[in-house]
Every structure is written in structure tokens, then in C-alpha cells.
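Two complexes follow with subunit A in common, the first pairing it with subunit B and the second with subunit C.
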Partner chain A sequence: MIKWLLAWRYFFKRPISILAVVAVALCVFIVLVVMTVMNGLLRDFKQKNHNYAGDCIIASDSLVGFGYYEDFTSILEEQPYIEAVSPMAKGVGLVHLKQYKWDSGIEIHGIDPLLHSRVTSFADTLHYQKQTPEDAFRPQYAPQSDGCITGIELIPLGRRKTDGTYLYHDKPMRMELVISAFPLNIKGGLLRSLDLVSTKSFYYSDDSHSGLVKVDGAVVYIPLEQAQILCGMDSPIKRISSLHIRFADGESVQSSVAKVRRLWDEFVAQNINKPGGSLFSNVRVQSWQQNRRSVIAPMEKEQIMMTMLFLMLGVITVFIVFVVLYMIISHKSKDIGILKSMGVSMSSILGIFLLFSIFIASTGSLVGSVLGWIFLYKINDLEDWLYKNHNWQLWDRTVYAIGDIPNQVAPEVLAIIVGSAVFACMIGALVPGLQAARKKPVQSLQVNQL
Partner chain B sequence: METIIKTDNIKKSYKMGKTQLEVLRGVDLSIKKGEFVAVVGASGSGKSTLLHILGALDTPDSGSVHYQDQRLDRLRWGKLNHFRNKTVGFVFQFYHLLDELTVLENAMAPAMASVGTVGWPSLKPKIQERAYGLLERFGLKDRIKHKPYELSGGERQRVAIARALMNAPPLLLADEPTGNLDSQTGHGILEAFKELNAEGQTIVMVTHDERIADQASRTIQLLDGKVKS
Partner chain C sequence: MVIAIILGVCFGIVAHKAERSGVIWAFLTFLIYIATGILFYFVSNFLPSSISIDNVIVVAVIEVFIRVALSIFIAAGFLRGYFITILEALLCFRYLQHRRIVLLSMAAVALSCALLIATDSLFTGFINAVESSVSRHLGDIILEAPSGRTLTEYDTFIDSLCQTDTVKSATAVLSSQGLLLSAPGKVKTARIWGIELPRRLAVTPLHEALLFQKDKPAEQVGFAISDSPDAIGGIVGIGVLAQPDEITDAYDMDAVKGMLGQRMALTTGSMVQDRTNTDGSQPQFSRKVIKFNLADVAKTGVYEFDQSFVMLPIAELSKTLYPDKEPAANLIHIRLTAGADEEKAMAVVRGVWRSFAEDRFDWYGFVSITSAKQLNAQLIAEYRKQMTVLLFIFGLVSVGIILLVFCIFYLIVMTRRKDIGVLKSCGVSSGSVAGLFVLFGTVVGVVGAAAGVGLGWLIIDNINAIEQAIASVFGIKLWKASTYMFTQIPNTMHWGSVLWITAAGIIAAAVGSLIPAVAAARVKPVETLQYE
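Up next is the complex of A and B:
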């Protein structure tokens, strides 16, 4: 019983314990804020990639693509675990915007907008045709013309506002985009020897804002058939670059991908000897995580690095608590001697200091968590205020494609941080606590007079 | 009378820099139940060291210490803690009270040390009653909520005596209990010891003052680390 009483009194009566509480609170505050923002950014980034790619992607590594996709799409559509399938023809090309005399390299994405919206969140990325993706390639100002959808960052019209949102007109502006592509034959060579480049005019019909800088800054969506013609994928066998699949609700992505992989292997075995069958060797069946690995991995690495940095901060906390406890134990040497002379066991003396460290950690964690939560709750307001009054932003929204700063505290992250703080403090208390517990009563009392 | 504690040829030395200082050079003594023994000797004669060894706060380099049938210098930690908690009560020259606790809590401390958190609620009333009784006996009834630093030297020493008696130990050891007090206050403390002894309490008291030692029923004199008489 005495260990509880003394630990409690040491905690309340020693001003130095306030220092330890402040140290723990600051650490918890900083780690909570940084982890929440970093985790939020990563979660958001992953979600955007998932939204962009669908659940599963059957994609060719080659720009030549692969054929017989309609046959395989029919097989896929018969599977109960598959909700929808969308083919995409990809190519590289150039865009020329006549009225602005502006050119840029682009990625051509040929899609069926309705199908693609069933597989991915494509429709949600649109501005004007969000509710009617089937009309996405029909410009409102010229419904009979071929339309195109540009990534919102592609045309540098300076539409991004300082708060990260975009300026839109009531209706899409009339813009003619001349798209040129390099049609490839099945062997990967240029299709036509005389007319090396395919060129076609499209009319801007909408923007796509996926939140992925590389997509929004480089992609032009056009109808699938047009993309196939432009990229030489229309003959002699119709080809695409990828099939995007959405699984039915409740289906596991991992096991469904494995099932699709088995179907694909069987399909390839049956069709490998057909003309263009050799193109199957470049095709891979991947989950969205595997497919988007190259863009997600650097951000994950960054997060791991941040976590490591904050682990070092945790080490500093341990050291601070160690110093505080060491000082307290030095001042309390006499008390330890008194307790030992009364028969208080080593474990109880160690227990006093461990309990003391738990009180410090719990109070510090509580204070740090509450302050962190309040700060995160207000972080976007605070950033707005800083921008309005001091013209300063954490992330310049005209440069970074970030909306609001993520501020949703994940309970599991909070639990890990608080648990680590308590553990770190206990480690910090363990060494001086053990030293104190192992002292002889006479050493502690300093009464070894002769 | 039955021997309560006995030492056989105990020796103790300390290292002071590069030299080894022999403090006890073979002390033999036995103390009987109910005795009030004063250990006297000049400064540095080893009387405090002897008292610490008798109270199991320190161990001899050689020789043996027996409490009844128990050999103290060979006790394991658990039994050693039990001995310090239940068998011996220690009164120090500088009181050694816990500043964070009130007078009442200081008096209850030895009992609290032996009671777990689970057992505390049921035992608390009994323990508190005992502590109240002891503090009342030593004239501290009105000071129970005070902190040690709010008390006079004599009051602190009386709290220390109450604490030492909390678990009703068979043996009370006092190291210069009046050494830090004025003569009148010291006299009061001695009276309290004599009263306790009259009730059957065995007391071993270390003092350098022959007049105080005269109050005890027997005097043991230490000279150069050995018992002279």
C-alpha cells in the first residue's frame, strides 16, 4: 500500500515531476500531430490510387498492349465476385492547344467513361459530368464533336486557388486540343511508314481531378476506340493496355486477384498461339497496391523515416524521465533507507518509482493527447488564419495537390503513442529505480557512522 | 530470562580511501528479553555499526548474529524484510521521517509496508486505531495531520518512536535518540523509553552520554571495537 501512497505524493509534491510531465506531453503532442498528418496523407494518397486504378489491374508493360481482351472480359463478367470490368488503351503523345499556342507531352487514356466509372471513381473526378459520365466525351458547346477530358493540372491556366480548390466556369470553355500519337504495330514498330504520327482534334469537355499529380498533370482521356486508332491498337486485332476490375462488395482483394490470375493463366494457355498471342508475355495481373507500388512506396518510406525520427524523440523522453527520476532518487536516498529499515521490499521500492513514472506518463500522455487533438481539430482553421494574416501556408496549394490537412486522429495510432510513452517512461524509471532498490539501508541513510 | 539477540565474535571494517578501518573487532554480547540496554562508547567506537548489525540494516564481515533461533546475517531478502518490519523497530538520531507523509501516515508506514493494496481497506481501521493510540500516548493527538517539517525536534522523535512501535516489535533499537534534542526534550524521550521498558519492551539504545546511559537497566561499553564490560 505504501508504494501507491508514496508514488502519488512524490508525483504531486515534487515540482520536478512537472518537468517530466511537460516533456512527455510535448513528445506525445508532436508525435500525435505528425503521425496523424503523415498517416492521413498516406491514407489519402493510397485511397486516391485505389480510386484511380480499381481493385485489380491486368496490364501490359509494353505500349503495344495485348489483344483478345473482349473475350477475356466476357469470362470475367461471368464471375460472381466481379462487379465490373473496364478496358483502357494507353499511349504517349503530344497535345497542342490552338488558342493558346501551347504544347505538351501527354499520356493518352482511352476509356469507356461509363464502364470506367463503374470500376473506378472516374466520375467523381469530373466537374461538369459528374452525374452523367456517359456524356463525358460530349462537349456541351459542340455535342456532335469528339470530346476529351484533361487532367486538371495539364493545361496551365492558373486555375488552382491558394486554398487548393479550382476555378471553374459555369460551362466548359471551348478549346480545341490537337492530339498526336505514335501508332505502334504488334511488334512494337511504328505502324505506318509514311504517316508516322496520327493526329486528331478533340474538344475539351471536362476536367478530371484525381488528386494524383502525375495523373492530373499528364493525362488526357479520350474515347477508347479513338485511342485505339490513334495508338495503332485498332488493327489487325484490337488491343488495349489494361483491364481494370472492380470486385463485388465484401470480396477480398487478395483472394479475388488470385482467382483472376488463375483465369488469366488459363486464358493465355488457350490463346497463346493465336496471332498476337506473344503479347500476353508482357501482361501482369496485379492488385491495385501492386500496380501502384512505384508511387506509393516512396511515400511509405518517407513515413517510416518520420516514424524512426520520432522514435529518436521517444529515446530523448526516456532520457529526460531517467534524469528526472535519477534526480528524485538522489534526493530521496534517505527515504529509501527509511523504507528499507521498515522492511519495505526491493520490488516495492522499485514499484514506487515505476508507479511514479506511470503517473508522469499517464498525465503527460493525457495532456499531450488533448492538446494534440485540439491542435489537429483546429489545424486547418489555423492554417487559414496564418495564410490570411501572414500569407504563410504549410503546403503551398498552388504547388502541392493537397486539400485540407488530414486531421482525423486514428484511435489505434493514439493507443500506440500513449502505450509507447508509458513504456518509455517505465524504462526511464527502471535503471534508477533498480539502483535505489538495491542499495543497503545504511548506504541510503548515510548513517554508517563509526 | 530468555536471550532475545546475541552476537558471536562479529567483526566489521570499512574501507576509507586506501586504508581498511576495523570498526568492530570481535564483539560478543547477548541481550535478554525485557532488558533496557545502553551501548556507550566514544565517537568512532563502533556503537552505531553494532546497532545497525543488530537491526539487520547492515551485515558483519565475520561472526554471527542470532535473533532467538534465527541467524540474521544469513537471512534471505524476504525473511530479512519480514524481520525488519515485524521484529525490530528503529529510532534514529535524526528521526528520519518521510516528509511527504503526515504524522499519522508516518506512524502507520510500517503497517502499510506489510499490507497489500487489496488487503488495505479491510485492515485500515485497525491500523489507524493503533497509530492514533500510539500518537495519543506520545502527546501528538493534535498533530496527526501535520507534516514532519511542521514539528519540533522532540515531536519528530516521538513520531519516530510511534512508528518504531507500530508493528509491536519485540526489539526496539535507538541510535542516539536524544542526541539531537535539548536536555528537557531528551529527558521526555528517555521517560517514554523507561515506560515502554516497564511494560516489557526490550530496548537497545546507543548513546555517548554516560548520564543518559545510566537510565538503562544495563550498560555495555564499546572500546576500540570490543565490548569492555
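Up next is the complex of A and C:
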């Protein structure tokens, strides 16, 4: 009990403790704000990638793709833990937009829009056909023509507004896109040697806004069968580039991916000797995190680097707590001597100062967290105000694909920050605390020390 | 150095007149000037060769700044008649030697300064690299024809440009988009450039970037294929042919070298006619396929260029895309003479363009003439903003330094009350006692900031080695060209920011010592020296 009382008394009676509290509060405030924003951006980015890819992806590394996917899809659809499966044919191509005399390299994604919407959030990325994805490839102005959906950033029409949203017409504009691709045979060679390139016209029917810059700036979605023809995947064995899978609600992604991997291995063993069976060697079964690792990893690394930098600065907090404790102990040698002469143990003396450091950390963390939470709660309003009055944005939305600044404080992040603050304070208190505990009453209570 | 010595002697004379211990102080002042002179001589002579002349000038400015600041600091003290005595200086150094806790505040100042310097230098280096890479590889000024239009007789235009004082060289480019089939199953989108090789080498450092012909004299560099002289040769970016390793971010150079002379197919296209047909129908897009052999591989170190460019002779590309026209281009890349004013140069280019194109092209007014800096101006502005925000956040955390110095100095004042009482009982004024602690704080700031500059410089200078060490030990590649545009981390120290960061560190330490200094000044000897 005396430990608590003394620690409490030192905390309130020594004004210098306020400095340590201010230092802790400042660090907690800054780290909470920065980590919440960075964590929010990363979480948002991961979610967008998950929405784009589905839960599990069986994909070929080669543009040639792999065959017999319909058989394997049937097997997958029989599994109770699988909700839906969507095949995709991928290729690279060249698009020419007639009206604007504009051309660009693109990624062709051939999909069944309804199936793909069941596996991914594809329908949510559409603007005009959000509610009816089955009609996504049917241009409203030419329902009989083959439609295509372009990534919102692909055609540079300057539709992105300063707040990060896009300008849309009431109905899709009439645009004819001529798409060319190299059709590859099952060995990766050119399929039609006399006419190297396949070309077909499509009519713009909708935009897809996934929030992923590389996808929105390069992808054109066309019907699966058309993509197979353009890329030479229609014969002699129908091929695709990837199968996207959505698991049933409540199923663990990792364990379900492992089950799918086993099924795939069995399927490959049965079909490896069929024509085109060698293409299975290029196929990987991956969770969405593994599949999108190359784009997610750099952001995760940046977050880790930022955390390391803040850890270095957190060292200053340790120093401050150390000095404050050292100062208090140097002034309380008489008290410590009296306590020890009354029989208080070394560990109890150490406990007093560790408790004192915990009080500092708790109060500082509380103040920093509350201030950080208020700042985060108002951060978007503050940015709006700054933009309206001073034309200043934290991130220029015409450059970065970011909507609102993430401001949801994650409990686990807060817990880690507060835990780190307490730990840092205890580290700072350890050496002075030990010094106090090792003081000898006979020395600290002699008359020339008083 | 001479000026420094004269200043030192002058201040020494002032000191001699102001205080009894002036002769010693004059000597100390002289020593400080000599020491700063030697320090900056060392810094100037051992700066890495990568540091530009601008940075050397900045170092010189810092040197002058420090000397002037020292002079003002010392002179102000002497003029007020109470600031420094030899006793205070000795006490200051004695405290520095005997209070190990002071090292903590120095370490904090050093850590914060190093962090701010490293962050600022890395960001500034990156921004400069983005700015200069565009200028290096595209020229200082870019003239672009409107979409779907091409300019012919570009030789005449380039000759006219080169006759002006501001333009050093210029080259024409025919740009298009395409698909490259480099090997079975390997298809990639590509940006196709028809280039005129001799002129391009004068405008950009393409020669240095060529893997196979960089050792040849510039006039011998070409598209020729040794085995088949009639074949069309092409130069392809290394990233188009191969992907960098996941861990090391390095290309498999043996595999790339094995592709030399390999046959590749490129598909692109053009409009059959520029205008709406006479029957009212829309013009048709004509697809073209060009087969060429790999004549060389370009490795510029800029990811965007290496990852997308395929370069062919402009005459061949023009003949394929526009068979009915004489050689055409849609871009002119212009290199200015050294020191040319960009705004004036752009006006000159506009004038030359107008006189050249007015009678030739009805669309001449729609051409875009921009500087390389303008091309990335928005992105650069964003990077600068992000850097400012990051430095502000780190700066805010560094406010902790003030608190730390305050705590340490307060601790020293509290534990040295008897010393202060003795000093004051010997006749030392309150101002002198306060000055002692402010000087002490400033010295802590100076030493800490100097250590921080050294640490920051060490980090920046060895940043690529540090990154490689992390990659080899932990298998984590922190810097990838695909994410950060360049193969190497820019490692140029930004001396311009060192000045304000150092000043901020010293001021923070001095501010932190202010309240303890006042507390020390208010110590009453009669209270601190009584027996109880």
C-alpha cells in the first residue's frame, strides 16, 4: 500500500513530473496520429486488393495460361466451403480510341461479369451497371454490340476532381475502342502466323473504379470468350489465366486455400499427361495476400520503416523519464533512507519508482490518446478547411488515389502505442530506481548529507 | 582564414579592454576561429566528389554564418560587460566533463539532428533525381505535336534551333504505343520511339546507358546487326526483356546478353487518314507489325524508361507507320546551352517554331512546348509537401529535446545550489550565473548538433551499403526500382538543410536551459549556504 501512496504522492507533489507527462503525451499523440493514418491507408489498400482478387487465386505465371479449367471449376463448386468461382483470361494488348486518336498499352481481363461479381467486388467498382452486372458488357447506346469496361484512369479525359471523385455523364459516352493482341498458341508461339495480331472493336459500356492505380490505369475488361479469342486461348484447348475463388462466410482463408491446393495437386496429377498438361507447372494456388504481395509489401515496408524512425525518437522519452526520476531520487535520498531504515525492502523501493513511471506513462498516454483521437476525428474537416481557405491538401487527390484521410483508431494500434509508452517509461525508470534501491540508509541519513 | 584571424584578434582586443581575463579570452576566441577554419577546410577537402559546387558554396555560407554568430555572441557578451569570464568558461567545461548525464542531452540533440538531416537529404535527393532524370533523358525543353499530328522537315527546324544561342542540340522522336513479342509467350506493352541516333546521343546520356556499345565512340554507335546488315536493329529497355530479381532487384545480365541479335516483333498502329473521310465515315486505325533484331539494351537506371522503351530508327518507324509521308516526328527534345535561362529559351523555341511551322502546318498553334521541370511540377510539388509534413512531424517530436535539456539542467542546478551559492557569495552576478547555464546549454547544442551532422552524413553517404547489408542479412529489399523509380538510393547530402537543422538543434538546447538558468540566477547564497 505504501508503494502506491508514495508513488502517487511523488507524482502529484513534484511539478517536474508534468514535463515527463508532456513528453509522453506528445509522443503518444504523434505516433497515434501517424500510425492511424498509415495503418488506415494500408488496411484500405489491402482491402481494395482483397476486393479485386477474391479470397484465393489459382493463377498461371505465363501468358499462355492453362487448360481444363472447366473440369476443375466443377470440382471446386461441389466443395461446401466454396461460395463461387470465376475464370479470367488475361493478356496484354493495344487499345486505340477512335474519337480521340489516342492509343495505349493495356491489360486485357476477360471475365464473366456476374460470376466475377460473386467472387470479387467487381460490381461495386462499376458506375452505370452496379446493380445489374450481368449487363455490364451491354452498352446502353448499342445493346447488340460487344461492350467493354475500362479502368477509370485509363482514358485520360481529366475526369478526376480535386476531392478524388470522378465526373460521370448520365449515360455512358459512345466510344469505340479497337483492341489488338498477340494470340499465342499452347507453346507460347504466335497462333496465326500469317496475321500476327488479333484485333476487335468494343464499345465502352462502363467504368471500373477499384481504387488500385495500376489496375484502374491499365485494365480493360471484356467478355471472357472474346478475351480467349483475342489472346488465342480459345483453341484447341480452352485456356484461362486464373481462377478466382470466394470462400463461404466464416471459412478461414488460410485453411481453405490449403484445401484448394490439395484439390489442385490431385487434379494436376490426374491431368498432367493430357495435351497441354505441361502448362500446369506454371500454375500457383495462392491466397489473395500471397497473390498481391508484390504490391502490398512495399507499403508494409514503408510502415515498418516509419515505425522504426519513431522508435528512435521514442528513445528521447526514455531519456526524459530517466532524468526526471534521477532528479526526484537525488532529492529524496532522505526519504529513501528513512524508508529503508524502517525495513522497506530494495524491491519495494524499486517498485515505488516503477509505479511512479507507470503513472507518468498512463497519464501521458491518456492525454496523448485523447488529443490524438480529437485531432483524428476532426482531421478531414481540418483538411477541408485548409483546402478551402489556403488551398492546401495533405495529399493532392488529383495525384494520389486516396479518398478521406483514414481516421479510425484501431484498438490494437492504440494498445501497442500505450504499451510501448509504459514500457519506455519503465525502462527510463529502471536505472534511477535501482540506484534508489541500492542507497544505504547509513549514508543517506548522515548529517552532512541532509 | 585571414579575415577570421583579424576578427579573432579584434575581438581579443575588445575582450582585453572589457575584462581582466581578456587576454586569455582573446586567445580562446582566436583558437575557436582557427578550429572552425580547420574544420571547414577539412569538410571542404574531404567532401565526396558527388557533392556539387552549390553544396560547397552552402558549406562556405555555413562557415561564415557560424563565425558571424560566434562573433556576435561573444561581442554581445563583452559589450554588456557581464557575460563570460574565464571562471564561467572553466566551470562550463568542468560540468561538461563531470556530469555524464549531459551526454544524454547531447545524444538526444545528435539523434534528432541526424534523423532530420537524413530524412531531408533522402527526400531532397529523390526529388532532385526525379527532376533531373526527366531533364537528362528527355532534354530541357520538349516540343510535342497535337495528338494524331506529325511534323515533317524536322531537320530544318532543328537546324534553326541550333543556330540560336540558347539551344545546344535537339533531336526528333516519333512516339507511339505498341506490343512487343520478345520470345515465345513473352508479350509486353511498350512505348515505341523512333529516334535519330547521332543527334539523340548529343541531347541525352543514352550512350552511357547502352550495355553493348557504351565503349564505342559516339559516331560508331548505331542500330546495325553484325550478322545481318540489312535487318532493322532496335534498342530495348532492360526491363522490357527481363524482370529484376525479387530479393536483389538485379537483372540477370547473362540472360539479357544472350538476347543480343534476337528477332522480335513489335505491333503498333496509326490512323490511315488524319481527317474524316470524304464520305463522312470515321478514319480507320491501321495496325502495323515491325520485325527487328535486338541491337542493344538500354539500362538508364530510371525504372520507367527501362521498363517500357523500345527504340527504332526514326526513318524505319516513320516508313512503317506513315508510308506515304516523308520521315515524320511528333516530339522534339531540346537540350539548352549551360546556364541558359529556361523561360527565355522557351520563348526562343516558340519563336523559331512559329517561323518554321506557320506556313507548313495549320495546327502549329496547338503544339505544346514545355520544360522538363514543368512536366513533373505537380508531382515534385507533392513530394516537397510530403517532405515538409514529415520534417514537421519529426521536428515536433524533437521538441522533446527542449524538455530533456530542461530536465537535465534543472537537475544540475538543483544539485549545484551550493556551488552557485559560493559563486554568488564571491561576487558573481545573477546575470553571469544565468549566462553560464545558457552557455552550457549552447555548448551542449553545438556538440550534439555537430555529432548529428556527422551521423547524418555517415548514414547518407553509406545508405546504399546499409540497404544492401539489410537485404543480404535479412533478405528484405527495402529499395526497389519498381517502387521508387531508381535503381540506387540518391545519397547526396543536402547541405542547404544542415544549416537550419543545426541552428534549430542549438537553439532548442539553449531554450531548454533558459528556465534552469533563471532558477540558478535566483539562488540566494544566504539560504543555500546555511548549515541546516
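Going forward, the second predicted complex is superposed on the first by the 428 of 450 C-alpha atoms of A that agree within 3 Å, B and C clash if a C-alpha of one lies under 4 Å from a C-alpha of the other, contacts with A are read in each partner's own complex, and residues count from 1 in each chain.
In the analysis below, contacts are C-beta pairs under 8 Å (C-beta built on N, C-alpha and C of every residue); 3 or more make two chains touch, one makes a residue touch a chain.
Bear in mind the structure is a predicted one, so any value in this text is a computation, not a measurement.
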Open item on the list: Quick check for you: in the superposed arrangement, does A:W4 touch first (subunit B), second (subunit C), both or neither?
Closed with: first
TODO: Going by the touch definition up top, name the partner, subunit B or subunit C, that contacts more of subunit A.
DONE: C
Open item on the list: In the overlaid three-chain picture, which partner chain does A:V34 touch, first (subunit B) or second (subunit C), both, or neither?
Closed with: second
TODO: Return first, second, both or neither, reflecting whether A:L386 touches subunit B, subunit C, both chains, or no partner chain.
DONE: neither
Open item on the list: After the superposition on A, what does A:A269 contact: first (subunit B), second (subunit C), both or neither?
Closed with: neither
- [ ] Return first, second, both or neither, reflecting whether A:P441 touches subunit B, subunit C, both chains, or no partner chain.
- [x] first
Open item on the list: Contact-wise, after the overlay, does A:Y326 reach subunit B, subunit C, both or neither (first, second, both, neither)?
Closed with: second
TODO: Kindly classify A:M312 by the partners it touches after superposition: subunit B alone (first), subunit C alone (second), both, or neither?
DONE: second
Open item on the list: Let me test your reading of the model: by the given contact rule, A:K334 touches which partner, first (subunit B), second (subunit C), both or neither?
Closed with: first
Task: Shared subunit A surface residues [contacts with subunit B and with subunit C] - done: none
Open item on the list: Quick check on the complex: what are the subunit B residues that touch subunit A?
Closed with: 14, 21, 23, 43-46, 48-49, 52, 55, 57-58, 77-78, 80-86, 90, 92-94, 96-101, 105, 109-110, 112-117, 120, 163, 175
Open item on the list: List the residues on subunit A that touch subunit B in their complex, please.
Closed with: 1-2, 4-6, 9-10, 13, 334-335, 337-346, 348, 440-442, 445, 447-450
Open item on the list: Please output the residues of subunit A touching subunit C within their complex, sorted ascending.
Closed with: 16, 19-20, 22-23, 26-27, 30, 34, 62-64, 91-94, 96, 98, 100-106, 178, 180-182, 184, 187-190, 196-197, 199, 298, 301, 305, 309-310, 312-313, 315-317, 319-320, 322-324, 326-327, 330-331, 394-396, 398-400
Open item on the list: Please output the residues of subunit C touching subunit A within their complex, sorted ascending.
Closed with: 101, 104-105, 107-108, 111-112, 115, 119, 147-148, 176-179, 181, 183-191, 265, 267-269, 271, 282-283, 285, 287, 289, 378-379, 381-382, 385, 389, 393-394, 396-401, 403-404, 406-408, 410-411, 414-415, 476, 478, 480, 483
